[in-house]
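Following are the structures in question.
What follows is subunit A paired twice: with subunit B in the first complex and subunit C in the second.
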Partner chain A sequence: MRRFLASLRDGVGFDILLVGAAMVFLVAMAGLPLIYNVLMSFQQVDMFTLGSLIRPWAGFQNYIDVVREPAFWLVTKNTFIFVFFSMGGQFIIGFALALFFAQNFPGASTIRGLFLVSWVMPGLVVGAIWSWILAGDFGVLNTILKGLGIIQSNVFWKSDPAFSIWAVVIANIWLGLAFNMLLLSVGLAAIPRDLYEAAELDGANAFQRFWTITLPMMRSTIGAVLSLGLIGTLQQFDLFPAITEGGPANTSTVAQYWSWQMSFQLYDFAKGATISVMMLVLVLIASIIYVRSTRHEVRG
Partner chain B sequence: MKLNAFGLLAAVSLGAMSLATPAFAQVTLKIWSIDGVDRVGIADTFSKEFDEANEDIVVEYRAIPFDDLVNETLRAFATGNAPDIVSFDNPDFALFSSRGAMLDITDRIANSTEIKAENYFQGPLNSVSWDGKYFGIPKYTDTIGVFYNKDLFAKAGITEPPTTWAQLVEYAEKLTDPANNVYGATFSARAGEEGTFQFLPIIQMSGGGYDNVATDGAAEVLDLWKKMVDNGWASKDVLSLGQWDSTGTFNSGNAAMAISGPWEVNRMVEDAKFDWGVALLPTITEGGERSSALGGFDWGIMSTTKHPDEAFRALEYFAAQDHRIFEEFGSIPARSDIELPVTGIATKDAALKVFKEQLQYAQPRGPHPEWQKISKAIYDAMQQALTGQMPSKDALAQAQTTINGILGK
Partner chain C sequence: MTAQIELKNIDKHYGAFHALKNVSLSIAKGSFVALVGPSGCGKSTLLRSIAGLETITSGDLHIAGKEMTGVPPRHRDIAMVFQSYALYPHMTVEENLTYSLRLHGVGKAEAKAKAAEVAATTGLSALLSRYPRQLSGGQRQRVAMGRAIIRNPKAFLFDEPLSNLDAALRVQMRKEIRALHDRLGATSVYVTHDQIEAMTMADWVVVMRDGIIEQQGRPLDLYDQPVNRFVAGFIGSPAMNFVDGVISEDGRGVVVGAGDRIPLARQAEPNRKVVAGVRPENLRVAEGAASFHFEVGNVESTGSATYLTSKDGALQLVQTERLGFSVGDRVGLDIDPALVHLFDPQSGARI
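Let's turn to the complex of A and B:
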């Protein structure tokens, strides 16, 4: 008994206690809702059975119904466009900016800090602002593009099926840019200077230094940034109701907005849960990549 | 002595208890509505008055934002914490009444001196009816018509507002003036309830309904709308603008006609720097079937209430105030026995006269317990047709298939 108590204070028991506390928290706050959500996707959920746990079993019917929805393939396509181009844009521009601000010039770190402003703003506010910028008849972006002579007539970003998903992608790139840039800046700062000095002595040019030093040294950071980017993009919801509401004709509806729409606008909670379980699988893959890429991280 | 003092004390406390009894017998009514979230409205004002006028009743009023009202009430009902009285938007009402969540008040209405079913407009009354019974009473109502800019009409040499959709499109073409940023017409074909609100009347005019959307007439008008959008006689942004923003472009003189409702009138009186009027919603053929959207909220008592008598008294009190709601809140009573007061503002009085006439043709959305899904099928079809992703006929046929699935046909 004394040994048990002693181990609680200092030893294996203490470790288990700490881990246990974290696990209880995780299971209660994340695990149970997750299981509940998965369970719901296999049940017939009625708005008036929302409060009960035991409901008629539906098997895979909800999944079949979701796939058979006329909008399913359109939403799938939109989701991939949104995720791929949002992440791509955020990462490439974010990396470019990180490299730019890694140069030593007066005010570099101050200006880099200012970029955080976009990340601090709530998604709904960002959405509302971009909604004005992208407005068709009196939008700022159209005025600028026309002034530059790039377009002749107004582009209806929010109402043209050819552009609606891109309207949200543009706003999302802007929103996630700062986060990408900051994480990548941290990665860049961690690369020892002497590597570059040695490379320069050996006569490597800027591109070679980037390709053979920066990129390999940044591998784990890039992996983390991309996985977090994927998760963040799949979570991005606020911009959709604020800019396009998924329209016109579902051409800018993505999975996460669709899931919300099913549950809280059409009150079809089972289908809403089903779509989110499908997304969960995607996020799971991203998480595995993230965990694997950070496993080799050297700390301290 | 000591015993006596104790007895006295007991007597006093007994007396105090009996005095306090009325307070214990007070009935608490929970009333939920969207009024009072951003501005003072009907429900919060009258609930407070009812609370103050009745010693035996305490009203706990709660204002809930529009987007949360249905979800919040569903959750409360599922967990047994539902309010006694709630006020829903009329298409949401059937969701609750059809599942036994609202109290059947047919007999109470029949015995009431204050609430008489025959005083209400048919459309609003249908929205609180299910299975031939009344589950609530209309709170107020609204509808849509065509606002038109008389100055621009005169400039284009047009004397009368359009009476058919074909004419509306013809006028829109004449009124369009890109040099001055003027579109011929504006409306709301948004991906949401507002889109259905504006398009369903067309289906109804063509002899259809929410259960029969694939009519030739509806496809014909949809093609006309598409023509307006394609040719730039209406902004492409009608696909994403709500009615309030869409009509805003009319007020600033950037659209010569706007389809919207009486809630615009007060703002228009202030903002519009031109002469304007309102016309009934056009018909498909000259002198053809009329229809219009039916907006507005309903009152209902939830079936879980423990105080149905007191709750119905509250509804009677609310109904008795109907003559005040136009003057105080700008809402139109859903009743034919109440005359709207004259405001003295010519455009406003003329507009309200037209809307009052339009209300006679207003038809409810549904009622159906799965209205939201039906509505999505309708506005999806409208948007698919307007964006050219599908011909109008095919889009409406696809919507019909979806709706048949929902209706179990």
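Let's turn to the complex of A and C:
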């Protein structure tokens, strides 16, 4: 007993204690709900069995039901559009901004810091503001586009089925931009200056330096940004209730919003759980690709 | 000798800081020039200005007869070896070597052949498929040199390339760099804060301080005829001893203390205050009557030489024989009058 207490003070016991505390927290707050969620997707759940853990086994029936939902393929398409174009926009504009602020002009770091404002704002507030900007009849965006002569009549971003998902994509690009820019800025700052100087003397022009030095040196940062971007985009919820509420006619519903609707509006918890497990599998696959790609990470 | 690199009245300001002050320098084709000086003297700035990595505030730069003052680095056809080597960490040794060739559109097979050739001369043949992180310091150094050689540039610039290596390797690489320079018939500019490197490698040494060139010349000329106290103290190891004194009445010696005088080979202005400079290796322990004395404060023996330092730390003496002195001994010293340097106490200029 005394040896055990001694090891708690200055030995392996103390390490285990610290790790253990974190593990207990993780298992209780993330692990168990996750397992419960997966379990629920294989059970028949209704309002009367909501309180019990053991329910009638459903096998893959919930999955089959979800795929047979009339909205399934529309939601899948919307989710891919939302994820792909949000991430693409955030990444490309974020990278461009990071490169821009990496040039040492006066005030560069101050202005870069201001970009963080978008990151601090609650998603619902951002959504509400973009909802006004994108409003069909009084929105600022339409006024600007008309003023520039790009469109002739108002575009109903939020209520036109052809545009509704893009309205949320635009808002989400703005919301995630700062995060992308910041991580990429850190990656850029970590590339030694003399590599660029050596490349310059070796005869590389600005484009070649970007292609042969910046991009390969940023590989692990880009991997991290893209995988975090994927998770962040699949988590993005606030913008949907604030801008389109998934409408019109599900044309802007994505998987995470659909899952919430199933569980908490239609009280079909089994389907809600099933959709979120399907998303989990997607994220898992992406994570595995990311981990494998950083395994051969280059360290100077 | 034609000048390969010609600098005329170069000035460089960083905001209020005046880094290079009206520097003019002509570097002959095929020569090995060392820029040497204490840190902050502007030697690296001068080198980077030649490379184009720093813009010159005013002045003219010609490389191989062409005006290069505003030309971007990639059009100057100059290779540089960085202190950190600046190897591309995500490329193998072979890719590092052939990077510039690939940028210039040289075919794959030709680049590979060229890399093999350069690797053979730099001893890298077995390492071509390795990444820089898998190499030792000396091997990285060789890759950095190979990357410079492969392009056959108009000039090689070295920015303290040996400072990250251990002492033994440094001595070896010194010889290798010089041998490579001779074999290629290249023009090299070499920046170092280590005067031994400058003296042993270069055939022309440029001593800089505070953004100006204090003196330039052949290494031994700098050693024998330093123009001022700074150069005298900077060149030579251990550093030259400086002793305050007054020229004697007859003008043939420097009185440095009671009964002590350092002999002079020439007539000097009597009663003038001077600083006498004597190199530690030129002092001899007097056998008969000594011209001046010092009290031993510290004895260091390396086996091949004995270093004596005076009690007040002002004088140092190196002898190649083993001396049986111990701390506190009073030693009579002598010197060949022709080897005594005189400097003005105020300006530091050679008298």
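Here is the rule we use: the second predicted complex is superposed on the first by the 270 of 300 C-alpha atoms of A that agree within 3 Å, B and C clash if a C-alpha of one lies under 4 Å from a C-alpha of the other, contacts with A are read in each partner's own complex, and residues count from 1 in each chain.
Assume a residue touches a chain if its C-beta (ideal position, glycine included) is under 8 Å from a C-beta of that chain, and two chains touch if they have at least 3 such contacts.
Please read all numbers here as calculations on a predicted model, not as lab measurements.
Colleague: Have a look at subunit B and subunit C on subunit A after the superposition and call it: clash or fit.
Modeller: In the superposition, subunit B and subunit C stay clear of each other.
Colleague: Please tell me which partner, subunit B or subunit C, touches more residues of subunit A.
Modeller: Counted on subunit A, the partner with more touching residues turns out to be B.
Colleague: Determine, under the contact definition given at the top, whether A:Leu50 touches first (subunit B), second (subunit C), both, or neither.
Modeller: In the superposed model, A:Leu50 contacts subunit B only, not subunit C.
Colleague: Taking the superposition on A as described, I'd like to know which of subunit B and subunit C A:Ser159 touches: first, second, both or neither.
Modeller: first
Colleague: Regarding the shared-chain residue A:Asn250, is it in contact with subunit B (first), subunit C (second), both, or neither?
Modeller: After superposition on chain A, A:Asn250 lies in contact with subunit B alone.
Colleague: Per the contact definition in the header, classify A:Gly13: touching subunit B only (first), subunit C only (second), both, or neither.
Modeller: neither
Colleague: Draw lines from the C-alpha centre of subunit A to the C-alpha centres of subunit B and subunit C: what angle do they form, to the nearest 10°?
Modeller: Between subunit B and subunit C, as viewed from subunit A: 150 degrees.
Colleague: Would you sort A:Pro192 into first (subunit B), second (subunit C), both or neither based on which partner it touches?
Modeller: second
Colleague: Check the superposed model and tell me the shortest C-alpha distance between subunit B and subunit C, rounded to whole Å.
Modeller: Value for subunit B versus subunit C, nearest C-alpha atoms: 52 Å.
Colleague: From the superposed pair, tell me which subunit A residues show up as contacts to subunit B and also as contacts to subunit C.
Modeller: On subunit A, no residue contacts both subunit B in one structure and subunit C in the other.
Colleague: Could you list, by residue number, the parts of subunit B that touch subunit A in their complex?
Modeller: My answer: residues 70-71, 74-75, 77-79, 95, 99, 101, 181, 190-192, 235-240, 249, 254, 370, 372-373, 376, 380, 383-384, 386-389, 398, 402.
Colleague: Spell out the part of subunit C that touches subunit A in their complex, as residue ranges.
Modeller: The contact residues of subunit C facing subunit A are 51-53, 72-74, 76, 78-80, 82, 84, 86, 88-90, 99-100, 103-104, 131-133, 147, 151.
Colleague: Across the complex, what residues on subunit A touch subunit C?
Modeller: 192, 194-195, 197-205, 208, 212-213, 216-217, 219, 298-300
Colleague: Per the contact definition, I'd like the list of subunit A residues that touch subunit B in the complex.
Modeller: 47-51, 70-71, 135-137, 156, 158-161, 244-251, 264-268
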